[in-house]
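Presented sequentially are two complexes of subunit A, the first with subunit B as partner and the second with subunit C.
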Partner chain A sequence: MSEEQITVVQIPDISLQYEGRVVKDARVGYSGFIVGAEHLLEIVQSLRDELGFDYLSSVTGVDYLPEGKMEVVYHLYRSIGGPALVLKVQVPRDEAVVPSLYHLFKSADWQEREAWDLLGIRFEGHPDLRRILTWEGFAGHPLRKDWKEPYFEEETKPFKSRWPEGITGHIEDKNPFHDNVQYPDGFDPETWVPQAEEALYTSAKKIGRDAELHTDTIVVNLGPQHPSTHGVFRMVAALDGEQVVFLKPVMGYLHRNHEKIGERNTYLQNMPFTDRLDYVSSMSNNFGYALAVEKLMGIKPPERADYIRVMMAELTRWMNHVFSFGFLWNDLGSYFTPMIYALEERELVLDIFEAVSGSRMMCNYFRFGGVARDLPVGVLDRVKELVFERMPRRLDDIDKMLTTNEIVRNRCIGCGVLTAEQAINNGASGPNLRASGVPYDIRRADPYSIYDRLDFDVVVHYHGDVYDRYLTRLDEARQSNRILQQVVRDIPEGPIMTGKPAYQVRVPAGDAYGRVEGPKGELGFYIVSTGKPNPWRYHVRAPSFINLTSLEDMCRGGKIADVVLNLGAVDIVLGEVDR
Partner chain B sequence: MTGKGFLRMLLGVFKRFVMTYVEDFRKGKKRYYTKEGIESRRKADVQGIFTIQYPEEKLPVPEEFRFLPFLVYDEGPNGEKDLRCTSCGICAKVCPPQCISIVRTNDPVTGKPIPQPKEFYIDVDICMNCGLCAEYCPFDAIKMDHDYEIASYSRQNNIYDIERLAKPVSYYAGIRPTNYAAEEIARQEKEALKAAAKKSATAESAG
Partner chain C sequence: MSDDSLQSSNYDIPPEMQGTVSITSLDKVYAWSRKNSMWPMMFGLACCAIEMVVLAASRFDIARFGMEVMRPSPRQSDFLIVSGTVTKKMVPQIVRLYNQMPEPKYVVAMGACASGGGPFKEGYSVVSGIDKFIPVDVYIPGCPPTPQALMNGLIALTKKVDKERIKTSKWYSKGAEAAVPVPVLGPDLMDPRKYALIYEQTHRPIEPEIPAETEQKEG
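== the complex of A and B ==
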């Protein structure tokens, strides 16, 4: 570290460079720059080509109902590292139209569709602006502040009916079935024809047809109920023989509008809900959310809490990667025996989570300014036993069984290739990005918590195929192990909370974006506070969701059997994709 | 040689297969359906079969394990139940899915609230077992249970009332001994402080 000093990269003040077109966001507590919608495209292009902001991480919207404004928020990064450049575009709420960044950044594709779906912001120039998480017959745009759900009780929690009158009862008795559905005007569920679906099939059929030979493509639906899709997920694929010529994912079967729930909740109430995003790595989700809110509150956890947090996050990463090896085996066709080997390792980590937080998967362990409780007696010894003895041995076992295995190599090498340019442009993150030869790891690129003090390497592989994704995860699990060994060695004694534990935290007005390097990739939380007990806007930049943007690039030109493998190697959890 | 890597994997699988028998022979009957057998199958150096044969065997739960809240009551000398809950409503306010509803008791004469719940409901269908109610209760009155086997044939009775929720403090001390001991110490210290403050206050007013 001493020789290669890390220089802190500052965000340039682009309001000077683009004078007249860009102004600083002057609202108290807010950061970033405000751009006029008419200048957005030229400025983003200039930022990308001249200033090196080549990675569009997050696109989302905020509904400022009282001001009658709709704001689109972009987070741009340099793929060589550094903090975010935040761009904001403000448009009137009634006619929210913003130029689409689709042709500059493919990562904007699904995120713009999501913003259209949930907030009703129209992106001009987007070639495929359909709903993505909700379905065609959905009435309205649910994240708009004037939209109300069928079981609507009150704008924000806690609901007043619960105390002191204590009104109770099954909520659906008050709101019986059939009365709890809203349809758009003129929509009749009986006579409805799924138009978007039909259009999707028609466009799939058009591609790859050979007029001379009179061949036709076959359109195949993989999923939503399919053992290899890791949940309820559907892919519409057009096949020319065995070759995939077209593939569009369809999702939203698990959609529950996590973000709307989050805006109803108080800050603390959100913590257990973040567990349900990527339910394989809930500790890591807690981490991201806690960081974002702490940024707004301007507090930092004490030393011991930081160590515990990193320990939990790295155990999660290790567990997640080992789990993904199990799935790789499974997707390759060796049904479930090896999967159980992976689950066995996971169980041992879950035992630790259970002893520490009280729950195996839904941990709810992090608090703003620390963690919920200190490590119970004996847990640290168990972690030590794991990280010094079992984990390295098990990784070697997996390495031995998979890396040189001819079946694994034949299937995985050269399958689902994603080039570095594609990966950056598609907004891929985590092992997917690093397997394509981009050494971008948030723990190094924009360090948080105590990662700047820990000694570990950023894993990178260069072929961008499924095999390299596997190797990246394997090496990353080794690095996690290395971090864990340092953490359990150095963990200090001391308090685990800054300030007193409070069930309602005071969060000053402003916006903040907290991000962590989750096992799946960049997990970001964008939060807007108005100083009230509930967040005004709560957005999750879900790594699984955005990583899937690359799925079509990976699968096109490959065999249909490899689609399963590609999907497995992206490593998704549908709880996070559909939110 | 082609196939070497594949054979190595098969060897790994075969080794696991053999180890299940080796472990069974080594540990004998003690390996299954006994406490130490279950314990030995959860250690980091476990080999062979890893599965716990539920429901004949059950994993021991750690102290922090949480599953559904219950209300703690102190037992009086004549067996009366003295609920610790003061119906302050913090648990109802902090509950993320809003499954707790409390009816506060009002004094029949003055109409002022009494620190005692009249009714206390938890809709266990929507409780997400997050444990925030127990964590933020200032009176140690609501705690998380260890009993996870609550399956039932009907969902009509899944709104638990005070009868169903109340459990004695001895039960709480049994499932969470460390937490209980720590809380008791904190309580005694608090009371000692209070008494000291009272003493000095009376001394001052007397002086």
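== the complex of A and C ==
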């Protein structure tokens, strides 16, 4: 690291600069600054324009039920690197109103909608504060601590009914509907009028109408069952001829209550759930969660475990990028045959995952302070063979087939352009951000694990179109290969776990935000602990979800056929978008 | 035709025609042709969908069973693989897709989530199994099931198809099944078949025992 970067790493004590408006969070184990809701806008604007905190990464809320407070937590970064500046706004629970940052940072758009949907925090000034993961008309805000799901048993796990008594039974039998549902008192299903869809379609119809020519727009709905949406994703687009003039994504079709379940679980029980976030790259998800909890616990994994972790994370990244090339072909219309090439490579990596963790996709391999088990005999040799022989050759093949291919170039160059300013403002991360000319890679910007010791380049391309996103991924896969070659060369012998493996870890009270550079972008876990065996708050800053904020900017003005391509190039996984 | 299972050995075929003519029953040849060209719907929900895609790729290759043609349209597909967690927001769409499929149609519940809610069952927006809404023919355990397990499930489905007879099968009898009523998204997911029950439950007089019960639970 150069001298310059080290100076960046300082977080200024802004409580001195904005005296009277900002105070340090004095609670034990907590970090960051508390801002009054009335000063939030001016301080964030000043931080952005004067101190260079131009990247709003995460917005979320925490429900402190015993204190009757609702806290909104913001994580701001500098796009040149460095740790987070954490801002917190505390408002009364019953009247949770906070000014919206939508007009300063577009990345707040969906995250605020999510906080409204799940926690009932109203963001004043947000132009489109609708529910995002549940549906319009849903009763209640599920992440509030006093909201109970229909299958509610107890506040925290392990449930008394299961352990130690071990009484088995069907939860359906306890619910009067024998189903996972509940309705407010006095509700009459016959008179219910479903909401929401109308509003969405009318707003789509309003846009792009030309009064003089009497042209009309066509509103098209894509999804949630659509072969090109990579899952259950839905978009509503308004078209002027073939041109997209309006596009609104609709999501939540795979909302699996990751956070609510995560707050009932013990810390370790969450590990397998993180696998199911971005189910294409489960090892990276494990990494982020393990880092966040280790930060709270104040432990560090031993050297060998760190090397194994990085090896798994980079294999995942390589596999994910190769998979995304297959999807790129798919989205360009060359249906499935090229995909088979990508999947062939993926299988080889999955074999390694199966050997080390016992599962192909849902690895559940990382533990707090290490990894679950050591590499079995022979795995290292197979990885060596892959990274020195097969992987570089395969990447060259893909490079030869795609990079100069006429169709790929014609379709991708200039399609879905996202400028650097837009990318930063929209909170894009990962290859999407770097393809727009912002050399921001968490492995370098805020190094974790052993990345500061490894030799690799941050890939950056400057046009911000689909073609550059592809090139970024290709080069990044090459860099992963380079890292892997160093890792398998240098991996030391030794223990793989700090301390004894424990079912219940002791996590001191406090909050922590652990983030990794996942294959999709910045994957962050915000965890609040009260010292109990379960996290009080467990929030996932999902890269796919926030990268999608840019989708409308990419698609507007382009052709409808390119929407599919743009969506594919963002590289989303619905498990992570909807959580 | 080398498939011996198709031959009925009870008939004598003249030696010069052996190998070119087979005598069999209509039922047999009908089921045989049907089970060897089952087209799945291209419908991925969650993690399991990735394994479903992998099954179609070269290592596992469902083309061997005549299943490689994944149709994005329900109108052209023979069976639906419910590959992943079924959320309340998605159920109306799945039921509608099922209704749009032409008969005979089959449903495969792939993985723990589609079979019974899986690890997300306790969550507020997850349905505990797609069989609460549409009939399921084959359940495949696993989270996610490996491609081998999925293949095993699909072979089980072809066996089921093979056993069906034109005269007795429900698809060709009178009074075929009515469409499944599409659930509605209200304050929670509402199944039209349960409207009376919902009304009854939400209009109950408030019972005084309820607080006492919860106290007991806490204690």
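We take it that the second predicted complex is superposed on the first by the 551 of 579 C-alpha atoms of A that agree within 3 Å, B and C clash if a C-alpha of one lies under 4 Å from a C-alpha of the other, contacts with A are read in each partner's own complex, and residues count from 1 in each chain.
Following the convention adopted for this analysis, a contact is a pair of C-beta atoms (placed from the backbone, for glycine too) under 8 Å apart; a residue touches a chain by one contact, two chains touch by 3 or more.
Computed from a predicted structure; not experimentally measured.
Of the two partner chains, both subunit B and subunit C are touched by A:Pro272. By the touch criterion defined above, A:Glu347 lies against subunit B and subunit C together after alignment on the C-alpha atoms of chain A.
Once chain A of one complex is fitted onto chain A of the other, the partner contacts of A:Ala372 are limited to subunit B, with no touch recorded for subunit C.
Once the two complexes are overlaid on the shared chain, A:Gln182 sits against subunit C while remaining clear of subunit B. In the overlay built on the shared chain, the residue A:Val232 is in contact with subunit C alone; subunit B does not reach it. Looking at the shared chain after the overlay, A:Glu172 reaches subunit C, while subunit B stays out of its contact range. Of the two partner chains, neither subunit B nor subunit C is touched by A:Tyr462. In the superposition on chain A, contact is made by A:Met362 with both subunit B and subunit C. When both complexes are aligned on chain A by C-alpha atoms, subunit A residues 272-273, 344, 347, 362 touch subunit B in the first and subunit C in the second. Subunit A makes touch with subunit B in their complex at residues 157-159, 161-170, 265-266, 268-273, 337-338, 341, 344, 347-348, 351, 354-359, 362, 364, 372-373, 376-377, 382, 385-386, 389-390, 397, 400-409, 501, 503-504. Across the complex, subunit A is touched by residues 2-6, 8-9, 12-13, 16, 42, 44-45, 50, 61-66, 87, 89-90, 92-96, 98, 100-104, 113, 118-121, 123, 125, 128-132, 135-136, 144, 159, 178 of subunit B. Note for the complex: subunit C touches subunit A at residues 42-47, 49-51, 53-54, 56-59, 72, 84-85, 87-90, 93, 97, 117, 119-128, 132, 143-144, 146, 184-191, 194-195, 197-199, 201-203, 206. Residue ranges on subunit A touching subunit C, taken from their complex, read 133-135, 137-139, 142, 149-151, 153, 171-172, 176-177, 179-190, 192, 194, 224-227, 231-232, 252-257, 260-261, 264, 272-273, 276, 279-280, 336, 339-340, 343-344, 346-347, 360-362, 574-575, 578.
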